[in-house]
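Two complexes follow with chain A in common, the first pairing it with chain B and the second with chain C.
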Partner chain A sequence: MPAKVAGAGASSSSAPLTVPAPRPPVIAGTLYRGHEGMWSWVLHRITGVAIYFFLLVHILDTALVRVSPEAYNVVIESYKTPIMGLGELALVGAIGFHALNGLRIILVDFWSVGTRHQRALFWGVLGLWAVLMIGFAPRHLIHVFGG
Partner chain B sequence: MTTIDAPRSSAARTRSGMNLEKWGWMYMRASGVVLVVLIFGHLFVNLVAGDGVSQIDFAFVAGKLSDPFWQVWDTLLLWLALIHGANGMRTLVNDYVTKPKVRSALHFALASSTAVLLILGTLVIYTFDPCPAGADPELIASFCSTL
Partner chain C sequence: MATTAPEAPAQEVGAVQAFTVTLIVRRFDPEKDAEPHWQDFDVEMYSTDRVLDALHKIKWDQDGTLAFRRSCAHGICGSDAMRINGRNRLACKTLIKDLDISKPIYVEAIKGLPLEKDLIVDMEPFFESYRQVQPFLIASSKPEKERLQTIEQRARFDDTTKCILCAACTSSCPVFWTDGQYFGPAAIVNAHRFIFDSRDDAAQVRLDILNDKEGVWRCRTTFNCSEACPRGIEVTKAIAEVKQAILRGKP
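Take a look at the complex of A and B:
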């Protein structure tokens, strides 16, 4: 219930201030906050680290083109195996999330109403990510497992 | 009317010069937007178009890296992505590593690995020979035979 306090200070004619009652506690398990904002932050970190370590490996494997055609082809063949094919699906999933959530962070930072809509923006990120993966996954899996 | 002094300690630091952390923050957002375009383009050409991952071999990379368009694309990708990733890792080190010596060691490892990979990657892009002398004609691009 909102409690009413009299307007303090010189202007006694102003409307009394309305102080909202404290919100009832929200049970969110033992997680810190545990809502969209936290999951956005957690997933952004995890996907970022994963992409970073792949990038280190990817620069080195591509540098093999400077060694010899044979050296590059031997290593790149391993990217076409079933296990690595699934790894590439996970990698594209991580990149897709990190990219879309990064754009969400920019909107929260620079768009005047971005902060107010940060939760809706997170669900928008998940929706666009799902569309992206539904488009990419079948095509990539056919490239890896198909004839 | 009483005036309350600004609660400033005489020991408070006064900032002068440019704020590097602010520019780091700006870099993550600016490079992030460009990287969304560069990486989605990279993934489309390499994993979605044509035969996807199964088309990638030395001749495929040679075809791309002999085109100035992809040389510039890959150079931007290398520099923007690796610095973005290393700066993100620096954020995690600052958040989770509290021992000063370990922090310094990790900062040094990030900076030095980034410098080495930027130089290596750039040299690979601009010193790459798509038709190396004496290479197996089966492994190199078809346009090599017309040279």
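Take a look at the complex of A and C:
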């Protein structure tokens, strides 16, 4: 809890127009506190942009095989590191969320009572996503770190 | 013998307990400040008071320069929409008891419209998009007496008749914050009110206006508007119904 500034309440006794020191921490206003709908949209945007950049790199490295198969092998070999393994996990997580939430958005738009159940639909998306990741993550991580 | 020691004057039976509440208000004076800044105020409040009462106490007793809008102060005129603890609310409908007063209450102007002073924004862009959807009855027929309507026909758009044009929905929309051209939820709600009115003849005109890059298709269903509406209008649902009507080509 931030300490209270004494000047605000007691300003009547001193000079009438004492302006307390400005508060620096929150500069551009508070963050809007949206609920599930807003955060699902934020996550959808972030995962969407991330997947776009992955696809860009993915098309470039796959296209390399037509230019030079040796160079392609070198590039693909360089991906087989633990860091890239974790990146793959993040990629599957991002695609899984984007796909499931995309289905939720379709339901919100086209199912006549979708807008009333959007919150439950969002938790449904997170539940399915968790099941997906519980199935995928252990196998994948054993593969990456198990040698 | 059993003389009881004079007790401290007990609180009067039924007296309402007052709390010291800290409000942190985002101040901006265009004549003095380059940037808005936060200012703390301590006010004595009852739990049954509203945030608007706290702002009144500040303005009347502590700092008369605080600027905010309010007219009816009873949730009908739609003047005092502001961001309270990061969410759009009417100051006159937000009770102190519904907020966590162990922490300061943050109060700032609504987002996405030009800030004029303290809690006052320029509402003109908001009303301009409202005007563009032609929010009035357009009917060619001249009935003998009144224009008849069944209960079902009236119920079709009942929800969207409740709008008070406070801009809480429009200024809670992330799309509106970054794209000021977007009509915004409030304009679409008021278009919905006439599009689905059986007495109105110009639904197609309004659907054409909203079938635009900056129209209903800008809606990304974040549901901030539905959550912010002080009248409980299902705003996102109304927008979805207008989207469907455009796809069908008729209301």
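Quick notes
Heads up, the rule we're going with is that the second predicted complex is superposed on the first by the 115 of 147 C-alpha atoms of A that agree within 3 Å, B and C clash if a C-alpha of one lies under 4 Å from a C-alpha of the other, contacts with A are read in each partner's own complex, and residues count from 1 in each chain.
Definition applied: contacts are C-beta pairs under 8 Å (C-beta built on N, C-alpha and C of every residue); 3 or more make two chains touch, one makes a residue touch a chain.
What you are looking at is a predicted structure, and each value in this text was computed from that prediction instead of being measured.
By the touch criterion defined above, A:M38 reaches chain C but does not reach chain B. Applying the stated contact rule after C-alpha superposition, one finds that A:I51 touches chain B and leaves chain C untouched. When the two complexes are overlaid on their common chain A, residue A:D109 makes contact with chain B and with chain C alike. In the superposed pair of complexes, A:I76 makes contact with chain B only, with no contact to chain C. By the touch criterion defined above, A:Q118 reaches chain C but does not reach chain B. Contact with chain B, but none with chain C, is seen for A:F136 once the two complexes are overlaid on the shared chain. In the superposition on chain A, no contact is made by A:L86 with either chain B or chain C. Applying the stated touch rule to the two superposed structures, the overlap between the chain B and chain C interfaces on chain A comprises residues 105, 109.
Those residues of chain B that touch chain A in the complex are listed here as 29, 32-33, 35-36, 39-40, 43, 47-48, 51-54, 56-59, 61-62, 65, 78, 81-82, 85-86, 88-89, 92, 113, 117, 120-121, 123-124, 127-128, 132, 135-136, 139-140. The touching residues of chain A, counted against chain C in their complex, run 1-2, 4-5, 8-9, 11-12, 19-20, 22-23, 26-27, 29-38, 40-41, 105, 108-109, 114-116, 118.
Those residues of chain C that touch chain A in the complex are listed here as 22, 24, 26, 35-42, 62-63, 83, 85-87, 102-104, 106, 108, 111, 172, 174, 220-224, 226-227, 234, 236-237, 240, 243. Residues 45, 48-49, 51-52, 55-56, 59-60, 62-63, 65-66, 68-70, 72-73, 76, 79-80, 85, 88, 92, 95, 99, 102-103, 105-106, 109-110, 136, 139-140, 142-144 of chain A are the ones that touch chain B when the two sit in their complex.
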